[in-house]
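Shared between the two complexes below is chain A, which has chain B as its partner in the first and chain C in the second.
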Partner chain A sequence: MKKLSLLAALSAGLLSATVAQAEPLKIGIIESLSGAQTSSGRLYATAIQYGVDKINAGGGFNGEPIEVLEYDNAGGAPGAADKFRQAVADGVDIVFQGASSAIAGQITEDVRKHNIRNPGKEIMFINVGAEAMQLTGDQCHFYHFRYTTTAPMRVNALVQSMRQAGDLGTRVYSINQNYSWGQDMQAAIEAAATDNGYEVVDTVLHDVNKIQDFAPFVARIKSAEPETVITGNWSNDLLLLMKATGNAGLDVRFGTTYLDQPGNIANAGETALGHYIANNYDNSAGEPAFADAYKEATGHYPLFVEPQTIFAVGALGEALSGVDFGGGEIDVTTIAKALEDTAYETPVGPITVRPEDHQTIRPVVVSKVVRNAKYPADDTDMGFEAVNVVAGEDAIYPAQESCAMDRPD
Partner chain B sequence: MEFAIISALNGVIYGLLLFMVSAGLTLIFGMMGVLNFAHASFYMLGAYIAYAVSSIFGFWAGLLVAPLIVGGVGMLVERYLLPRVHAHGHAHELLLTFGLALIIEEAVKLFFGDFPVNYQMPESLRFAAFSLFDTNYPFYRLFIGGIAVAMFIALWLLLSRTRTGIIVRAAERLPAMAEALGHNIPVVFMSVFGTGAALAGLAGAVAGAFYPTNPNMGLELGVIVFVVVVVGGLGSLKGSLLASLMIGLFSSYAVGIDWSLATLFDLAGLGGWARAVGGLITMEVSSISGTIPFVLMLLVLLIRPAGLMGERN
Partner chain C sequence: MRTIIPAAILLIALLAVPPFLGLGWQNALVNLLIASLFALAFNLLSGQAGLLSFGHAAYFGVGAFATLHLMIAVEDGLPFPTPLLPLAGAGAGLAVGLVAGVFATKRSGVYFALVTLAIAELFHSLAPHLQGWFGGESGISAMRMPWGGFVFGSLLEVYYLTLGWVVLSILVLWAYTRTPFGRLTLALRDNEQRVRFLGYDAHAAKVVVFTISAMFSGVAGALLAISNETANYALFSAHVSAQVVLHTFVGGATIFLGPVIGAVVFTLFAYIVSDLTRSWLFYQGLIFVLVMLYAPIGIGGVIRHHLRHWRSIDWSRLAAPYALAGVGGAMIAGGVVFLTECVAILFGEEYAVAMRDAGDTLPPFEMAGMSWDPLGPASWLPPILLLSIGGLCLHRARDRIKPLWDAIEGGAAKEGTR
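On to the complex of A and B.
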């Protein structure tokens, strides 16, 4: 009898403890933390953690620190689907992901279906790096937010800035990877031709990360006699292409989108000098304080995909500051609506969400590889120097007609 | 014409690089019957060791030390890991080496980081060998090709013209008999495996300075190397050389070809219709050049399952 009453007292105590404790907001990072894409996946995770730490230092949300849970999708969509189910079981409210559009496509579909089946327990997906057009096209839905650029934004900013600097020329070659991203790039390069006074002399799409030897492509590029080669290639496909071009002594300028991936500048060496990149941010265009604060926390300046990820978490933090659940149950729909209305001020300009398709309208920074850069890349004396910051409203394109978004009431 | 000549040159050199990596795999399979899944990882290991050594002692030291260390690792694997699963058959050996490949990849990331490392060829080798149609041809590509050719000749002479070669071949055919004649078969097998691994290490040390040295390089080349070995005939050195060159040349020429199935329809006057249909029909050969080796493998497996130069067994 005594035992029983003790048990009753204990469980009563436990119960009241859970009532008194507020519900923490849970963020799930479903990233490629092993396998071929580890290098990118790790950067996203680091930047998200940094952003969340900042929110938590300011008091967290709903009376509790925000919890971050990391899930390794092992670099594939099946792994991501599996980890998404686990995240749901763990009670995650907001999912973050960036490396690979294929994985983002899987997650956004899973989130959409989950939200249909579980009204009142919605999950939000903040996409910090997947740039496939269809994510804000026929796959778009209210709970997906894209906090990065897309191919037309990058290409428009890139060719405008290169033309203004007198480095574009009139003959442009398009070489891209044969999947959604590369095809989007090629379409954007062709679409921007007339307005920017160039001719696309040839286009080629190639397999993704399968080509070891780019010399044959260089031979093909050479025979088209371009002045500028524009490519959305990333990782090895970019590095091998640039090295092969440099080795052949071919005198062309590259317009790229992922040249700032760590290791690229050191590996390409002097071949990289004078090439352009259009990206979400560059340290040389922004505030030193932003870069220094990040370095203090993580040991390196924000690079590659990290700035855009920090901005995404920053925007979320700002949205959260306007939402108050009084320590009670978290309603993700309210947070999503607040995020939609948030204009987040970055060192290069504001980021807003376009309500029609949840693509962010954001500045695009175009920079060039130079010697003696202020922020050297990969321990070399080379680095990026911003030549132009294209404002969000100048870089944006009309929302795709294929996006039919169902809004909650 | 210009494109044809340059593509031929590019294709041959790329083919020789493929041969350089697949030679060790062929040797190990041909002599021991072990399909070594970790072979491409040895290639990556070679590149990383060469990078680590060359940053202190210079490029040539790296080139010398990398094959030795990788060969040593190979010997240890053969001596201490493979015998444990040998009794269970080939599938277990395959699984073991597959696991080993994953471990090596993650270990490399642990020590050298996720990003490509800055492993460069020495300045003394960075020059144009000749200029063809206004395009410089890098000397280092010829260097890669030269090493591959030297590797082929040395291996071939060793196996077919020396006493060591006779013993190795005898150990492969009739191990019990060779052992009865007083030859130490375990040591022979260990040396063969070590040599195969060392060849992969050398290939990594040479190629890593030209292509980026990154944690994915084993994965990227691994699949294609298996294709080379299957097309050439498992265990046939000459077959590997032939298959490597074929794959190199085919991939090289495919890049310049804009044909698609729609071009075929043009002959029948249906080109316009085919392009309107789109999809697979309008896919250009150049955009699937990376797939050509696999198509070749499929054809070979259908027509001649033992490979181009493999013996039927």
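On to the complex of A and C.
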């Protein structure tokens, strides 16, 4: 609406001037809110709104309710760059984004450059879903915080838990998408082999979301005779791979990272039974109160990327409770420092920020697809059941050497 | 003279007004200028030479990446003036356009479109794998370096840099149309056979046109790279190629500045509407369909039609039905927006929660600051009234406008035969 009124003011030949008062903290969500990727974008936005509503119900921040502004990045990095500038124009203090590492790469660079050019008017980027290693590697900077796992954390937790459950075996096959995420996954699978007593029998990197028929890949998997297939595939690449494996009658266990994407379980059907997933959270792992409260407000149990997003906003809320600007100007650097020191208690354990690269140290939940689950997925009788919660310190890996972070004084 | 004065006024406005605008509008203006140049470059090929390319994102993207590589080199100490960075985009667009053009222009029509589409797709699928050139799927980034007393840190400096390059490029493109080769370009579209019989090498001519078009697309991409300071493989996506086709045809492919009109309309539309409603892409598509159905010559074409007959138009008789048509159009637009937004709310997730809380009945919903009952006639009366009265108005207006225009055009035709 602000833009419309601005337009009216312009057409009348007037100039608009913003009036500075006790300023509210402004959160900007730069997500895919139209087009093909809308469903993920909406999950992030819903979870952020839920978290902010909770903070506002407790009195907001700086004497004002926190404002949430949504920006549609139209699914691409150029759109995100454009919307980031719009967010700057609107006076946004904290940017949230999660879907797509490519877009996160754009935003984190934009934030870094903005902060170099506008000292004293910094902007913070809370990354709630982009898992590319370079975001906490050579792209890392003080104002970026990653409130989600990365490939090594997921893989470490996954193979540890599967091994303890006796479902891992000694022959592991790695099939992943050929871009940074899939490459990170493959590297993590290979790195965890010796510690967990398995051999990587073969590795495959394939095109992203272009393959319609996975039969040739399944034939290759079959000939390598693995007991477990670990994959970071998401969306169609995961579904079609699992279905092709099922059709070929191949008896392998899948270790996955994105099996809980809405629609996957319904689509895969019985083929999904017994497969594993490592993720930030699963409703069956924590107390029911968390899931119920979310359902009460939004109409569904927290799923897929929502829990980690709720945790991120929760951690921010806790950091804000220790900061007081007395209704005056908001200093994002102070908030960032407070967030760095915040240990946020989730239903499955604490989340802390590693100061060297601003990766969060967080518990990873490993769960398995079962029948008659407590929290059924996609209106089926199947769902996820937590088998293990790997504590943050057991899942974490050393900070990357490529991260050289300049800290503000 | 008649075109110079409005152009000068527009240029002065573009120079003088932006410092007083907010950051958001400055950003929108930068996007608008880049989209305009891209659409003009595209139209050189599609409108003037009659070669419809569906893959112009390739040259746009190549220009952006080449510029970023130069920017990185400048960051590392290469003494290159920042304002001349788009030359890298021009060079890359030219080189890639030349190679692609040699192949693509061997065919025309649908086959040409398919070849260009394939070339763009080639870049789109290769780019994420070529880490060194395109930086994987996260792309490459650089910073604008200060030069000659300019810091190039503020959006305003970027705006003036963009404006300078866009105005210069538009002038060159316009001058091109006045040259004998520019005339030959039009002849290629109208009758390629005849061009060949006149002794010209049609293929070579088409390659040249293609290359020039790709070069200016590269400049547009370079300007985007300078303003965004990053580029990733999404620049090669079919969406970018489609967008420029949309801009060009809505604006009018047969008029030199038509594509600019389309680019301005759609960029402003996206800027104003995209954060107001989630259905903005639907509205954008609707505009495109309506323009194609009822004004296939584009918005620019409609404007030119009026300018051409300016002297013979009897505005005292035409003004009233035009106003009526405007009112009717606005009412129909209001009705459509009302319905679309209702549907978006009623099938949205928030309403699903409200419905569950109300015990599976249909609770009233909020829209535009008012409460509406989904089953109440009072909610559906406004759109029905808007659509039906609006339709009636438009129908009426058309019946009155058509004979007037027939008379104007008939008069003009008679004058022509005399």
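The definition used in the following text is that the second predicted complex is superposed on the first by the 388 of 409 C-alpha atoms of A that agree within 3 Å, B and C clash if a C-alpha of one lies under 4 Å from a C-alpha of the other, contacts with A are read in each partner's own complex, and residues count from 1 in each chain.
What we mean here is this: a contact is a pair of C-beta atoms (placed from the backbone, for glycine too) under 8 Å apart; a residue touches a chain by one contact, two chains touch by 3 or more.
Treat the numbers as computed from the prediction; the structure is a model and nothing was measured.
Peer 1: Does the superposition put A:178 against chain B (first), chain C (second), both, or neither?
Peer 2: In the superposed model, A:178 contacts both chain B and chain C.
Peer 1: Contact-wise, after the overlay, does A:239 reach chain B, chain C, both or neither (first, second, both, neither)?
Peer 2: first
Peer 1: Using the touch definition from the top, say if A:402 reaches chain B (first), chain C (second), both or neither.
Peer 2: neither
Peer 1: After superposition on the shared chain, which partner residues are touched by A:262: those of chain B (first), chain C (second), both, or neither?
Peer 2: So A:262 only meets chain B here.
Peer 1: By the touch definition at the top of the document, which applies to A:34: first (chain B), second (chain C), both, or neither?
Peer 2: Both chain B and chain C are touched by A:34.
Peer 1: On the superposed three-chain arrangement, identify whether chain B or chain C touches more chain A residues.
Peer 2: Partner touching more chain A residues in the overlay: C.
Peer 1: Should A:164 be classified as contacting the first partner (chain B), the second (chain C), both, or neither?
Peer 2: A:164 sits against neither chain B nor chain C.
Peer 1: Identify the partner contact of A:70: answer first if only chain B is touched, second if only chain C is, both if each is, neither if none is.
Peer 2: Touch partner of A:70: chain C, not chain B.
Peer 1: Tell me which partner A:88 touches in the superposition: chain B (first), chain C (second), both or neither.
Peer 2: Touch status of A:88: second partner only.
Peer 1: Tell me the contact category for A:106 with respect to chain B and chain C: first, second, both or neither.
Peer 2: Second partner only.
Peer 1: So which positions on chain A get touched by both chain B and chain C?
Peer 2: Overlap of chain B and chain C footprints on chain A: residues 34, 38, 42, 178, 207, 210.
Peer 1: For a test of understanding, state which residues of chain A touch chain B in their complex under the given definition.
Peer 2: 34, 36, 38-39, 42, 178, 204-207, 209-213, 215-220, 222-223, 235-236, 239-240, 243, 247-250, 261-264, 266-267, 269, 378-379
Peer 1: Quick one: which bits of chain B touch chain A in the complex? Just the residue numbers, please.
Peer 2: 2-3, 6-7, 10-11, 13-14, 17, 106, 109, 114-118, 120, 128, 131, 134-138, 140-141, 210-212, 214-216, 219-221, 224, 248, 251-256, 284, 286-291
Peer 1: So in the complex, the part of chain C that touches chain A is made up of which residues?
Peer 2: Chain C residues touching chain A: 20-25, 27, 31, 125, 128-129, 136-139, 141, 143, 153-155, 224, 228-235, 237, 239-240, 271-272, 274-276, 278, 280-281, 349, 352-353, 356.
Peer 1: Show me the residue ranges of chain A that touch chain C in the complex, using the header's touch definition.
Peer 2: Within the complex, chain A touches chain C at residues 1, 3-4, 6-7, 10, 15-16, 33-35, 38, 42, 46, 69-72, 74-78, 81-82, 85-86, 88-90, 101-102, 104-106, 109-110, 113, 116-117, 132, 134, 139, 178-180, 207-208, 210, 297-300.
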